[in-house]
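Below: one structure in structure tokens.
Naming follows writing order (A, B and C), and every chain is counted from residue 1.
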Amino acid sequence: MNNLERLWAIEEIKQLKARYFRYLDTKKFQDLRQVFSADAVFDVSDAMRDPVTGTPPGAIEIPRMSGLENIVAGIAEVLGSAQSVHHGHMAEIDVTSLGTATGIWSMEDIVLTDEFQLRGYGHYHETYEKTAEGWRIKTLKLTRLRATVEQANRQD
Amino acid sequence: MNNLERLWAIEEIKQLKARYFRYLDTKKFQDLRQVFSADAVFDVSDAMRDPVTGTPPGAIEIPRMSGLENIVAGIAEVLGSAQSVHHGHMAEIDVTSLGTATGIWSMEDIVLTDEFQLRGYGHYHETYEKTAEGWRIKTLKLTRLRATVEQANRQD
Amino acid sequence: MNNLERLWAIEEIKQLKARYFRYLDTKKFQDLRQVFSADAVFDVSDAMRDPVTGTPPGAIEIPRMSGLENIVAGIAEVLGSAQSVHHGHMAEIDVTSLGTATGIWSMEDIVLTDEFQLRGYGHYHETYEKTAEGWRIKTLKLTRLRATVEQANRQD
């Protein structure tokens, strides 16, 4: 691969991740089917675990999920009735071949439901693969720098 | 257009949007004249409208504005005496021709005045055109994921 | 330089800055030695100074530092026992020659220690140089749009 091919792949992967965030927060859950590969693995099991204080009161368990259909259904279940904001920053995309890449993203999220209010910060550690339909997220693992969870109503 | 031309246009538009944010928050309002096209349309009329709770107490009306001079004057009026932070994230720039492009940006903003404190999250939906002086924002429309407005003093 | 060389340099510098942030917040302070040039100058002396309200109670002094070893030691001293999040946004990288570049980044940071809680917003103004080992940060200067400091415990 030459540098132009690498730069183009990096831009395509950045826009893939941008669609991931936008579909999450605008609740276009069916569109998430075009973001993940069929055998994707999605692990945000640390989403509500603060590295300093541990799992705070009010936290819920989000199991590791695998397979496109399970992931989309699982995301829709957690976020379907929530008000959420997910932002990604400072991509470190490494294109390892014409069809594979790895990425690290810094992130911040806000998830507000009737049961809890989450504010978190951390990193996504991801792999990507290029399918006939374009780049897809193959694995996603979230680690936390900080997370606070409050049991509270949405209108604070 | 080839991929190199597209990547270069994307980078130029990203830096255009970066200047837009920086001029806003550092109050270089006259420099905003180099950011918009002469016939630009600027619509942040939903800036203080939360999609879940509706328009909260303390919100002000920001009308849709058109034309470079009106936009710059309108921004200066709202932000001139405010302390503000505007951040953009996760650009989805689509270069549709050598001289036209569209973009979606995730965003977060903080605007603190003597009358209100706004914290908002949402997306900019934009179009761009390339003039003799470079890329310019032609249309900007803000949609909200979440917005809170408090009537409060600045020093909380 | 042609546009492809510029775009590649910009991408390398973005990933350099991404590693800077990630090493800071994951406390990989020794890895920061691969981020700065030997004679780097690091100036975050305004980190706790709010441009509207001035230096708030609880703020500490962070002196301007120069030289790789001093910078890494100084960062480790401030952040070693802190919980921190640093995010960069909206890069304006200008590649001024094959081996030199300038950059402006919008930023947000959270630094929580037993003594203080800092939340800040501002811009990094930076220069870079390309060494035999790749791009390095040569000078970094932080300016603030807003900063709040509270004397408080970490678990609020």
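Quick note on the criterion: a contact is a pair of C-beta atoms (placed from the backbone, for glycine too) under 8 Å apart; a residue touches a chain by one contact, two chains touch by 3 or more.
Values in this document were obtained by computation on a predicted structure and should not be read as measured data.
Taken as a contact graph, the chains are fully connected, with every chain touching every other chain. Between the two copies, subunit A and subunit C, the C-alpha superposition involves a rotation of 120 degrees in steps of 5. Between the CA-based centres of subunit A and subunit B the separation comes to 25 Å, rounded to the whole angstrom.
Looking at subunit B, residues 4, 7, 89 sit in touch with two or more other chains. Contacts from subunit A toward subunit C in the complex involve residues 3-4, 7, 10, 51-53, 89-92, 104, 106, 108, 121, 123, 145-146. Interface residues of subunit C facing subunit A in the complex, by the touch rule stated above, are 4, 7-8, 11, 14-15, 17-19, 21-22, 25-26, 83-85, 87-89, 110, 112, 154-155.
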